[in-house]
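Sharing a structure, written as C-alpha cells. Questions coming.
Order of writing sets the labels: A, B, C and D. Residues in every chain begin at 1.
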Amino acid sequence: MNILSMMSNLSGMKRKRNTSKQAEGVLVALMLITLFASLRYDAFLSEYNIMTFLSYNSMFILIGLGMCFVIMTGGIDLSVGSVVALSSVVVAHASPYGIEVALPVGILVGVLAGAINAFVITKLKIVPFIATLAMMLGARGMALVLSDNQSVQVSWDSNFTQFGLGKMFDFIPWPIVAMLVAFVFCWILLEKFAFGRHVLSIGGNEEASKLMGLEVNKTLFGVYILSGALAGLSGVMLASGFGAGQPLEGLGWELSAIAAVVVGGTLLTGGLGSITSTLLGAILLGLIFNILNFENGLGTISFSAYWQSVIRGGFLLVVVVIQAKVINSKMRRTEF
Amino acid sequence: DLPALEKKDRYKVGFAQTESNNPWRIAETKSFKDTAASCNWDLVYTDAAGSAAKQVSDVDSMIAQGVDVIFLPPREERPLLPAVLRAKAQGVPVFLVDRSVDEKVAKAGRDYVTFLGSNFIEQGAIAANWLIEKTGGKGLILELEGTTGSSPANDRRKGFDDEIAKHPDMKILASQSGDFARDKGRKVTETLLQTYPNADVIYAHNDEMAIGAIQALEAAGRVPGKDVLIVSVDGTRDALQAILDGKMGVTVESSPFFGPLACETMKRYANGETIEPWVRVTDRVFTIENAAKHIDEAY
Amino acid sequence: MNHSYPTEAQQGASLSSTLSNDGDLVLHMKGIHKHFAGVPALSDAELKIKAGEVHAIIGQNGAGKSTLIKVLNGAHKHDEGDIYFMGEEVSYASPHKAQMAGISTIFQEVNLIGYRSITENICLGHEPKRFGMVDWRKAHAHARETLARFGLELDVEQPLSTFNIAIQQLVAIARAVALDARIVIMDEPTSSLDEREKEVLFRVIKELKASGVAILYVSHHLDELFQICDEITVMRDGKTVGQRAIGDMTKLDMVAAMLGKDPEEIARGGATNFASTGRASDQVLLSVENLEGAGALKNVSFDLYKSEILGLAGLLGSGRSEVARAIFGLDSDLKKGEVFLEGEKMDFTDPMAAIEKGFGFCSEDRKEDGIIPQLSVRENLTLVLLPKISKYGLIDESKERQLVTDFIQRLGIKTASMEQPISQLSGGNQQKVLLARWLVTNPNILILDEPTRGIDVGAKGEIQSLIRRLADDGLTVLMISSEFEELVEGADRVIVLQDGHSIQALANDQLTENAIMKAIAQETRHPVA
Amino acid sequence: MNSSTLAESPKPKVPTVGTKIASQIKNNGALWAFFLLLVINILITPNFLQIQTLYVNLTQVATVAIVAIGMTLVIASGGIDLSVGALMALAGTVAPMIFLSDFGVANPELGLFVAIVVAISAAGIAGLFNGFLISKYKIQPIIATLILFISGRGIAQVLTNGELQTFDNPSFEFIGTGRVFGVPVQAWITLVLALSIAWVLKRSIYGRFLLAVGGNEKAAELAGVPATKVKLMTYMVCGLLAGIAGIITTAINSASDANQTGQLMELDAISAAIVGGVLLTGGRLPSLVRF
C-alpha cells in the first residue's frame, strides 16, 4: 500500500455511512417526542390512537417515499397531491367492481401521471418543478371534471371500503399493511437494486451519470412513475378509507411530503437520501398534529387554528435547524 | 341503537371545526367556545384546515381522548361518513352542525343524533324571491358561487336557480366560483363584468364575495345598488353596513351562532328525549328596513 | 481531401496516412463536421486508428479534440460525416450506447459522482448482480481489483468526494479501463497526475495495448507522447491536418504542426521567458510556520520572498493544495500553525478577507471551484475585479470591456466573443479565463494551483512569460505544479513537500528535476532552514 | 463532402433555420414551460380567454408581477421562496392595524406613513429571516421558506384573530384603486419596480454577484463574492416586494384578510418569474433543475 492510499484512507474515515446517521437523528427526535407525549396524555399510546394515527398517515408516508426517490435524483414532484385526488375519484367510480379492480386502477392512474411527468421532463426538457406543477394543475382539473366538482360516492356494497376501513387479522388496518409493504419495497429498491444506485448517481451528478453511460432518462421514468404509483395507491386509501372520491383533497400534500423527506435529512439537491428516515420524518411531522389535538383536549389552553400553524412552523424550524447543524458539521470539510 | 349520553354535570365535548378562513367559521368557533364556559363543557377543539381527511383524523383523536359527544360540521357530505360511523361504533354520539352527510349511508337517529342547521336551499330561494319581487321578475344575473362542491354552494345555487327559472325574463348570464372569499369574489366579478357589461344583478353565495363584487363595481365606475343590484346570504356586519349605505339589496341570514342550540339539544338528548332528525335554525332576512336594528349583534 | 502540413514541401515527405491498408482499422472517422450555434468546432476532421495502437491527438486549445471525442462516443451529435467502428458504420445516440458497443471514455473534466462510493463509481451501470439485486461483495472486490492494477489500495466504500482530485482522476481511469472496451479514449488523463502516477498509467496503457485494445490519447504534454504513442493525429481549427507515426516526428515538428508554423521559425523564437531573472528581493513577504491539520498537513514551514516565484513540489497527496488553501483561509480546521504577512499575523476566515489583503488563489479544480458555467467569458473574467471597477455599486462597463478585450488577446483565449458562456469554451481556454480572472486584479500574492493544467504548449509559454513579467514588476507567486520541468524552469526556489512535511528548499544550482525527485524519494525529513 | 454519393450515409445535419429554432425551443425549457402552463390554464379555467381588456389585467397582474420580480431574484440566486403569499398577508394585516390604532387615528398622515413603512419592513425582516436560515444554516430554500409559508400567515391571523379588518381610508385605498394619468397606481408601482430592478440586475455589482452565486456558489465564494450577503439581500428584497404587494391587495379590498391575501401566490409568482426571468437575465437563470 502506498502513501497516497494510506492518507486518502485516513481522510476518508471522516464520513462513514452518512445515511444511517441521518436516520438516527430523526429516530431520536421521534422517540423523545413520543416519550413526552405518552407521559403527558393518557390515551396517547392507546391502540385506538396508534392505529388511527398510522392509518391516516399512511397516505402521507406513501407519497413521502415516492417524493424521496424523486428528490434523490435532484428533481421534485409537485403533482402528488393532485394525483391522489384524481386517483381517488377514478377509483370511486370503479369501486362497485371491488377492490381487486379498484386497486390496480388507482395505481395505474398514478403510473400514467408519473409517465407523463417523466416524458415532459426528459423529452421536452422542462424542469421538474414546472413540469410537475403543470401536472398538479392538470390532474386537479381532471379530477374535478371526472367528479363533476363533487365528492364521488363509493360503493359500500362491494368489498371496496374494506381496504380503507378493514383490518388484517382483525388487528392491523389494511392501509398500514399496504404502507409497510411499500416501505419495504422502496427500501430494497434503493439499497439492494442497481436502480436505487442509479437514482442516487443521477442526483449526485446528472451530467456525469450520462457521460458514464447511465440511461438517465430510463431511470427518471422509473422514479416519476414510482412516485405516481405511490400517489395512486394513496388515492385508493383516500377513497376507500373515507368513503368518497375527493377531487379537492390533497391540497398542499406535496409540501408535506417534501418536508418529510427533508426533515429526514435527505438533500434536496439530490445524491443522498434515506428511505427509513423519510418514513420517520413523515411520522414526526404527522405527530405534531396529533399532539396539538391532544394538547387542546387537556383543556388548559385551547389553541386557535392560527396558533397551531405558528407552532407547526416553529416545530419545523427547530427540527430543520438541528438537522442542518448535524449535517453541516459532517460536511464541512467537503464544503469547498 | 344510538349510543346514549349519560347525565353529567360536566361533559367533555369535541368540536371538530373544518377550517377557519372566513368570518363565518370564526364566529361559529367563537360561539362554541363561549358556550363551553356557560354550558359546563371541557371543549376539545380541532381545526381540519380545509381537509376532509384531516377532519376524520381529528375526530379519531377525539375518540381516542374519550370525549362524551362530538359536534361535527362535516366539510363535505361523503368523506366524513367514516368519522360518523366510527364514533358510533366507539359509543360516542355525534351531532352534525351546519352541514350534513350523505343520507343514503348515514341517517339521523340511527348513525348520528341529529343535524343542527339552516336550510341552504331555502336561503337561496328567499334571496331569489326578494329579487323577483324587487325587480318585477326582470334581470340579468351574475352568480358568484361558493367553494366548489360544498353543500352551501350547491344548495344556495339550487334554491336560487330553481326560483329564477320560473321567470322567463330573468336570466343567469354566468356562474363562477369565488370560493366564499372577498378577494376572489372581486377578481371574478371584474372578469365577468367585462364579458357581461349588461348584467344588472349579482347574486353571491355569501357576503364576503358580495363585498368583493361591490369593490369591483366601484372600480369599474358602476354604482352598486343602483346600476347593479346585489343579493347575498350570511348577514355579516359589513353586509348590513353595505345595505345601510344603499350598496346592497338584501342578505339572508345564515346564523353561525350554534353554541347555545348545541348545548340545549345535547341536554335534551341526555334527558332521554328523542331528537328530531333536523333541528332547524330559523334565518332572518336583512334589508334596509331592519338592518340598522340588527347591525350591532352581527359579527 | 488534402491532409498535409504546410511544411510538407520543406520536409519533402508526405505526411498523409501511413496506413497501407484501411482493412485493419478499428476506427475510422471521416469528414466530421460539427457546429455549435453556427460556430464551427469541427470542420472536416478525420481519424484512423488501428487495433492495439496508442493514438494521440494533439492540437492547440480549442482545436476540437474533445469535441471529436464527444462525437465519437455519442455525447455530441455530428452534423455531417461518417464513423466506421470495426468495419461498420455507426452513430451513437448516447455515451451509454457507445459504451455498450465497446467505446469507453475518460473525459477531460473528472466526471464522477462525489457522494457515491468508489465502488459505485466504478461499477455504475454494470453492477454485478445476484437474483437481480446488486451483489455488493462482488462489487467491492471488483473495485479493489481494478484499483490494484493502478497500485492503489483504497477504502472503496468511502464516498469519492473524500478523496482528492488526483485519486478521482485515477478512479475515472480505472473505471474506463475496467469496462472491457475495444477503444479506450483518454482526454488529458495526466493533467492532475504526478510523475509516479503517470508511470502507473503508462504501464496500464501498455497492458491494454498488448491485449489488442486501441487507445485514443489526448495530451498537451508532448514529451510523454514519445513514451507511449505509436501514431499522432494533429488537429488545427477543427480540421485534421495530418497523421504520422511518432518515430517520424520531433517535438518541434509537433509544435509547428499544431500552430501551423514553420519549425525553424519556432526554433528561432527560442524558449519561453519563464526563467528566473534573479530579481526576487530578499525581503520576506509571507512566512508560513508549522502548519498542521487541514486533512494532510503535518508540519509545513517556509518563507516567501517579495517578488519571487516559489514552487511547491511533491507527490500527489503530499499536501501542496492544502497549504495553498490554508493560506487563503479555506480550511477552518487547522490545528496549528501561523501565517505572517510582513510580520503581521494573518487569520483569514473567508476568501474575501484574503482578497482584501491582496491575495489571489486559482484552484486546481476548475469545474467545481472555478467557472460559473452560464456566465459569459467577460463576466467570469472580471468577477474578482468588479469592486475595483465599480462606483456606488455600479459597474463601469466600458472599462470592463476594454480590460477583457485586452486579456483575451494577451492570453490568446479562443472564444467566439466575450459574451460566450464560459462553459462552451474548450478546457484549456476556460483555464486561461480563470488565470486572467486573477491576473487582471493585480494581486500582491498569487497562489496558483496547477495553473497551466490543460493549456497547450504555445499558450503555456505565453502565460509563463506573463507571470514572470508580473513577478519582475513586484508580484509574488506561490506556484504548485506537478510538472517538475515547469518548476525548474520558472521558479526562483522550490519547496519540496513530502507527506505533509516541508522537507527541503531548493534554489539556484541545486534546483534541478533530479534534485527534486531525489528530495521526494528520500526517507528522512528535515525541516526547511 | 457530398454525402449523396454514399448510399448508406446518415442524412447530413447542416443546421437550417428550422433546426435552429427547434434547438432554441429545446434549450429554452422555461418558455416551453410557460406555454404549457398557459395551455393548461386555458383548458381548466373557463373564462381565461375572455379576459379582453388590458386594463383589468393590469390591476390583476400587478401584484403577481411585483412578487414575481422578487421571485426572479431568488431563483437567480439558485433558491426559491414559498413564503411570499404569507408575507403578503402579514404586511397586509400589519398596515391597517397601525393606521386603525389610536395613534393612527390621532395622526392620520403620520399614521399612514408609519403603517406602510412598518408593514413593508415586517415583510422585509421576514425575508431576511429566510435568507438567514438559507445562508447561515445552509437550510435548503424550499424548506427554509416553507417555515414561514406555514406560520407566516398564522402570525397574521393571530394578530387579527383571523378576523377581517375593514376600513374606510381613501388615501390608503388610493394605492389600490387610484389612478395617475388614467393608469392604475399599482401599474405605475409595478413599472417603476420592474424597471429599477432590471437596471440594478444589469448594471450593478449586486446583479453580477447574484448570477455568480446562482451559477456556482463555491466558485463565486472563492472569487471573493460575498455569497452570504448576496443571499440575505436577495431574500430580503423578495420579502419587501411581497410586502408591497400585500399592501396593494389590502388597499384594493379596503379590508385586510389574513386568511386569503396572497393565497397560492407562490405558484403564480414562480411561473411568472420563469418568463420574466428569461427576459430580465437573458436566459441565464440557473436552471430550476434543483427543484
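Note that contacts are C-beta pairs under 8 Å (C-beta built on N, C-alpha and C of every residue); 3 or more make two chains touch, one makes a residue touch a chain.
This one's a predicted model, so the numbers in the text were calculated from it and none came from an experiment.
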*asked:* Report the chain whose CA-based centre is farthest from the CA-based centre of subunit D.
replied: C
_Contact-richer chain pair [A-D vs C-D]_ = A-D
*Rounded Å distance, subunit A centre to subunit D centre (Cα mean)*: 28
*Cα-centroid distance, subunit C relative to subunit D, in whole angstrom*: 42
*Centre distance in Å when subunit A and subunit B are each reduced to the mean of their C-alpha atoms*: 35
*Please report how many Å separate the Cα centroid of subunit B from that of subunit C, as a whole number.*
73
*asked:* Which positions in subunit B are in touch with at least two other chains?
replied: 20
*Residues of subunit A whose C-beta touches two or more other chains*: 144, 304-306, 308-309, 336
*Got the subunit D residues that touch at least 2 other chains?*
157, 161-162, 218, 221-222
*Set of all touching chain pairs, with the criterion as stated earlier*: A-B, A-C, A-D, B-D, C-D
*Provide the residue numbers of subunit B that touch subunit D in the complex, in ascending order.*
20-23, 26, 174, 176, 181-184, 186-187, 190-192, 194-195, 208, 211-212, 215, 218-219, 238
*Which of the residues in subunit D end up touching subunit C in this complex?*
1, 3, 6, 8-10, 12-15, 20, 23, 203-206, 208-209, 211-212, 215-216, 218-226, 284, 286
*Tell me, which parts of subunit C touch subunit A in their complex?*
75, 94-96, 98-100, 105, 107, 111-116, 120-121, 124-125, 127, 129, 132-134, 151-155, 158-159, 161-164, 166-167, 175, 197, 295-296, 315-317, 325, 330-333, 369, 499-500
_Residues of subunit C defined as touching subunit D within the complex_ = 31, 33, 35, 37-38, 44, 77-82, 89, 91, 330, 350-352, 355, 361, 363, 368-375, 379, 383-384, 386-387, 390, 393-395, 397, 437
*asked:* Going by the contact rule set out above, which residues of subunit A touch subunit D in the complex?
replied: 74-76, 120, 124-131, 133-134, 137-138, 140-141, 144, 206, 255, 258-259, 262, 267-270, 304-314, 316-317, 320-321, 324-325, 327-328, 335-336
